[in-house]
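Across the two complexes that follow, subunit A remains constant while its partner is subunit B and subsequently subunit C.
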Partner chain A sequence: MASLIKQFVNSICSPVTIFTFGTGFLILFLSFPKQFTSKWVSGPLAILGIGFFLFGLTDPHFRKIVTTPDNVPIVALLFLMAYFTWYAVRKAVRNDERLAQGKAPIEKEESEQKVLVFPYLIFIEFVVALFYAIMLVIWSLALKAPLEDPANPTISPNPSKAPWYFLGLQELLVYFDPWIAGVLVPTLIIVGLCALPYLDRSTKGSGYYSFRQRRVWVTGFLFCFWMLWITLICFGTFLRGPNWNFFGPFEAWNVHKVVPLVNVNLSDYIFIKWLGIGLPKQWFIREAPGFLLLGVFFFVPPLIAAKTFCRKALQEMGAVRYVVAAFLLLMMIAVPAKMYLRWAFNLKYLIAIPEFFFNV
Partner chain B sequence: MSFDFNTFKQVVTKGQIWKSMFRHGYTTDDRDRALAVLTNVFFHLHPVKVRKSGARFGFTWCAGGLSFFVFLTLVVSGILLMFYYRPTVEYAYNDIVALREHIPFGIMRELHRWGAHAMVITVWIHMLRVFMTGSYKPPREFNWVIGVTLLVLTMLLSFTGYLLPWDQLAIWAITVGSNMARATPFFGHEGPGAFLLAIGDIELVHSGDDARFALLGGRFVGAAALLRFYILHCVAIPAVVVILMAVHFWRIRKDGGISGPL
Partner chain C sequence: MADSQSQPTAIKPLTEEVSAPGRRKFLSWFALAWASFAAATLGAFSLVGRFMFPNVLFEPKSTFKAGYPDDYEVGMVDSRWKEKYGVWFVRVAEGMYALSTVCTHLGCTPNWLETEDKFKCPCHGSGFYKSGINFEGPAPRPLERFKIGLADDGQILIDKSIKFQQEKGEWNNPESFLTV
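Here is the complex of A and B:
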């Protein structure tokens, strides 16, 4: 029975299934936040999640991966983030209900009262600090910091992994060249986060938990945070083994696992497969379809949206803010879109100009 | 003569030394409680009074305050580690082994490493909370930007510290991480656009002067990289972080305290 479950889990686990399922679940969660944060749904889900983890611990391979000292914090992170996301959405749902009835959010009443910092706030901080300090000492006593063999530049471990918080970016290396996965994407994450308050200037939902008034922004943020950051980190940490091959949670990391590499460029698809004329010699003709596609992707939707359903947003935001927001949103879509193109069509590059190290 | 605690307490708390340190009593009236905050440089990070909603654990999750506390524990454990650790290829690994083998009750390195992971997590949780309460909205836009910078610096602190044990885990993680810099557009020798920066046949950007070289002080993760990462980890980045934290905390006060409904 247990081995059947493990086999089943291994067989359905792949980047595309987990990513699709995760995104679907997030959409479902945010479409029915009231139902999903009620104890009748969230309770069983929590039991299911913890139950799966406990069941996994009976498997030697799973146990080895999650108890690797540097991986333990990521397990903690996963449960903590799930809890806090659930908690924040639950509070948001309560406030949404109050707002729908014409009442002020829960925080409003208390925000008009003031309390003395000493002792009311200092006390909370003291207890939290004490709790953390005790937990850290126990954690440190229980788990030795890892120390492997002395550094040796001639022997590279397989797999070689970056520190865990950068594994989401390393995971993107499967789908993108280093200049996108390692430079452009992190830059856009930082720029996008910094730009956030200058794009979302609505005073609604300021200073209290809420969802309905800020549906678009909260959904976008949680999608980036959960799917494009935490999920990819979990892929990189728990499920990527030797040669960066994907392994199921109960699958032993076999160094000799062979995965066929049949990725094909867009230009190959068009000029060889469809037109049957062979690749043109000049790169600008060869890559013209890719440039055209990207141009359409980045310019047409914002233009159409500006004339139709985003007309009001454009007026409120102004042209500069609208363009920046549209660009960031399209980049946010482009990353998973390229991943899906890889999964569906084995697409390697939309634009491939190895002459200039310019591959998209 | 029997020992009378109350007399002893009177002698101590009415004496010149005690009164020079604490300008307030320990009664529970509002004046003393206000003075407890006002006359203490550490508590003085806070105002005397805050919104009741802001003093709720359920609202703030105390994640920002906890991040600061975790940072302080990392400073303390980090300073202690610096007594034992020499950032050279000859000594680095052996010093870490010695920390483990020779230091009684040696969990200082564990406190530092797990604390570093914890700080990354608490900072992310703090960001989630600030986002979910819409606390980045005017007038707190710029403080959010400083917060994003601190988030990035937190990860860079952790990243630079990752190299210091000088074991296989360390150099290969940093090798993988820093290889990205090679592909920086224009500034990395394998990045798009770098070939444009050339005078005639002379390449201006090559493996000996690109972004990765600047980060590592060499073409691979070696002695220069170890020293660079050590100084970035122990001096340069913490200095910037401390300054930005001061601004971050100051701005919370100036922007109207812990956020609440308008």
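Here is the complex of A and C:
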């Protein structure tokens, strides 16, 4: 029975299924936030998650991966993130209901009661600080920092993993050229987060939890954080093994696992497979389909949206903020879209101009 | 806030004569602070810059002799110089070539997998054929080849300072391949 479950989990585990399932669940969760945060749904889900984890611990490989000192924080992160997401959405649901009834949010009532900073707040902070100090001491005693041999440029450990907080970017490096995954995307994350308060200037929902009042932004943020950051970190931490191959959680890390991954560019698909005429010599003809595709992707949806369902948003935001917001949203879709293309079609580049070192 | 401002305050409003010299003095202090900050930063950066030019550089020589062509088995990828010089020797029937062990993606060192007949990088999974051509994973271009030739004593001579890149068509250069 146990081995059947393990086999089943291993066989359905792949980047595509996890990413699709995760996104699907997130959408479901945000479509029915009230139901999902009620104890009848969230309780069993939590038991299921913890139960799966405990079940996994009986497996030697799984245990080895999750108890590696480097990986323990990621396990904690996964559970903590789930808890905090649930907590925030539950608060938001309660406030949304109150607002719908014409009442003020809970935070308004709470802020009307006053207690003294000293001793009430200071005391709590002191206890928390003590707790953390003790926890860190125990942690540093129990989990040894992984010290390895002196660095040697001709030996890369297999697999070579970045520090955990970079594993998401390392995973992106599989799908994008270094200048995109290492420079453009991180910059956009930082700039995008800085831009959020300027893009969404609605004063509604400031100072209290709410979901209904800024659905698009909360959804976008949760998608980026959960799917494009946490999930990718978990891929890198738990599921990427030797030679950066993808392994199921109960699959032993076999150095000789062979995964067919031969890459094909968009130009190969179009000119060789479909038109059957061979690659054109000039790069601008060869890569025209890729440029066209990207152009359509980045220009057509915002234009159509501006004419139709986003007309009001455009009026409220003005052209500049609308364009910036549209660009950020499209990038948020473009990153996983290209990852899907790689998973599904082994597509390497939409635009590949090695002549100028420009590959997208 | 608003009503506290409208209340008359005990502080006498500053007159123009009082505030003007004060402001000027403040500005000069400000300028001094900025100047010393800039100077300190500059000094710190110049110290950092000094580290860019170390007194001694422990770099292995870029040319080395790698034994005789017969030391290498035909059809095999030889890793004996990988650790010291970062070079793979690939011996094929017609001759041999020297591949750089630096992944063209971000510079990790791939491994030669004998059974799978490919080089595979442990960092993001780029794969290269025995020839050095990239075929899977994110590496944007093939592994580089080094200049290879024969020394006067018949030993193989590698010059790592001269590289040949396939995507620039440089593998056609006779110096990138040793015919034996």
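Criterion: the second predicted complex is superposed on the first by the 358 of 360 C-alpha atoms of A that agree within 3 Å, B and C clash if a C-alpha of one lies under 4 Å from a C-alpha of the other, contacts with A are read in each partner's own complex, and residues count from 1 in each chain.
One rule holds in what follows: contacts are C-beta pairs under 8 Å (C-beta built on N, C-alpha and C of every residue); 3 or more make two chains touch, one makes a residue touch a chain.
Quick caveat, the model's predicted, so the values are computed rather than measured.
Student: Mind checking subunit B and subunit C on superposed subunit A, clash or fit?
Tutor: Result for subunit B and subunit C: fit.
Student: Just to be sure I read the superposition right, which of the two partners does A:P354 touch: subunit B = first, subunit C = second, or both, or neither?
Tutor: Second partner only.
Student: Examine A:V258 and indicate which partner it touches, taking first as subunit B and second as subunit C; both and neither are also allowed.
Tutor: second
Student: With the two structures laid over each other on chain A, which partner does A:Q170 touch: subunit B (first), subunit C (second), both, or neither?
Tutor: both
Student: Quick one: is A:N245 in contact with subunit B, with subunit C, with both, or with neither? Answer first, second, both or neither.
Tutor: second
Student: Between subunit B (first) and subunit C (second), which does A:F118 come into contact with in this model arrangement: first, second, both, or neither?
Tutor: After superposition on chain A, A:F118 lies in contact with subunit B alone.
Student: Which partner chains sit in contact with A:L293 here, subunit B, subunit C, both or neither? Use first/second/both/neither.
Tutor: Touch partners of A:L293: none, neither subunit B nor subunit C.
Student: Just checking: does A:R214 make contact with subunit B only, subunit C only, both, or neither of them? Give me first, second, both or neither.
Tutor: The answer is first: A:R214 touches subunit B but not subunit C.
Student: Does subunit B (first) or subunit C (second) touch A:I18, or do both, or does neither?
Tutor: Touch partners of A:I18: none, neither subunit B nor subunit C.
Student: Of the two partners subunit B and subunit C, indicate the one touching more residues belonging to subunit A.
Tutor: B
Student: Could you state the shortest Cα distance, in Å, between subunit B and subunit C after the structures are superposed?
Tutor: Superposed on chain A, the two chains' closest C-alpha atoms are separated by 5 Å.
Student: Taking the contacts subunit A makes with subunit B in one complex and with subunit C in the other, which residues are shared?
Tutor: Residues 152-153, 155-157, 160, 170, 177-178, 357, which sit in both footprints.
Student: Residue numbers of subunit A touching subunit B in their complex, please.
Tutor: 70, 73, 76-77, 80-81, 84-85, 88-89, 91-92, 104-105, 107-108, 110-122, 124-125, 128-129, 132-133, 136-137, 139-141, 143-153, 155-157, 160-166, 169-170, 177-179, 181-184, 190, 193-194, 196-198, 200-210, 214, 218, 221, 225, 356-358
Student: Which residues of subunit C touch subunit A in their complex?
Tutor: 82-84, 86, 101, 105-106, 108-111, 113, 115-116, 120-125, 127, 135-138, 140-141, 167
Student: For subunit B, which residues are in contact with subunit A within the complex?
Tutor: Those residues of subunit B that touch subunit A are 30, 33-34, 36-37, 43, 46-59, 61-62, 65-66, 69-70, 73, 89, 93, 96-97, 100, 107, 109-111, 113-115, 117-118, 120-121, 124-125, 128-129, 131-138, 140-141, 144-145, 148-149, 151-152, 155, 158-159, 162, 165-173, 175-177, 179-185, 188, 190-195, 220-222, 259-262.
Student: Along subunit A, where are the residues that touch subunit C in the complex?
Tutor: 152-160, 170, 173-178, 242-245, 255-256, 258, 261-263, 348, 354, 357, 359
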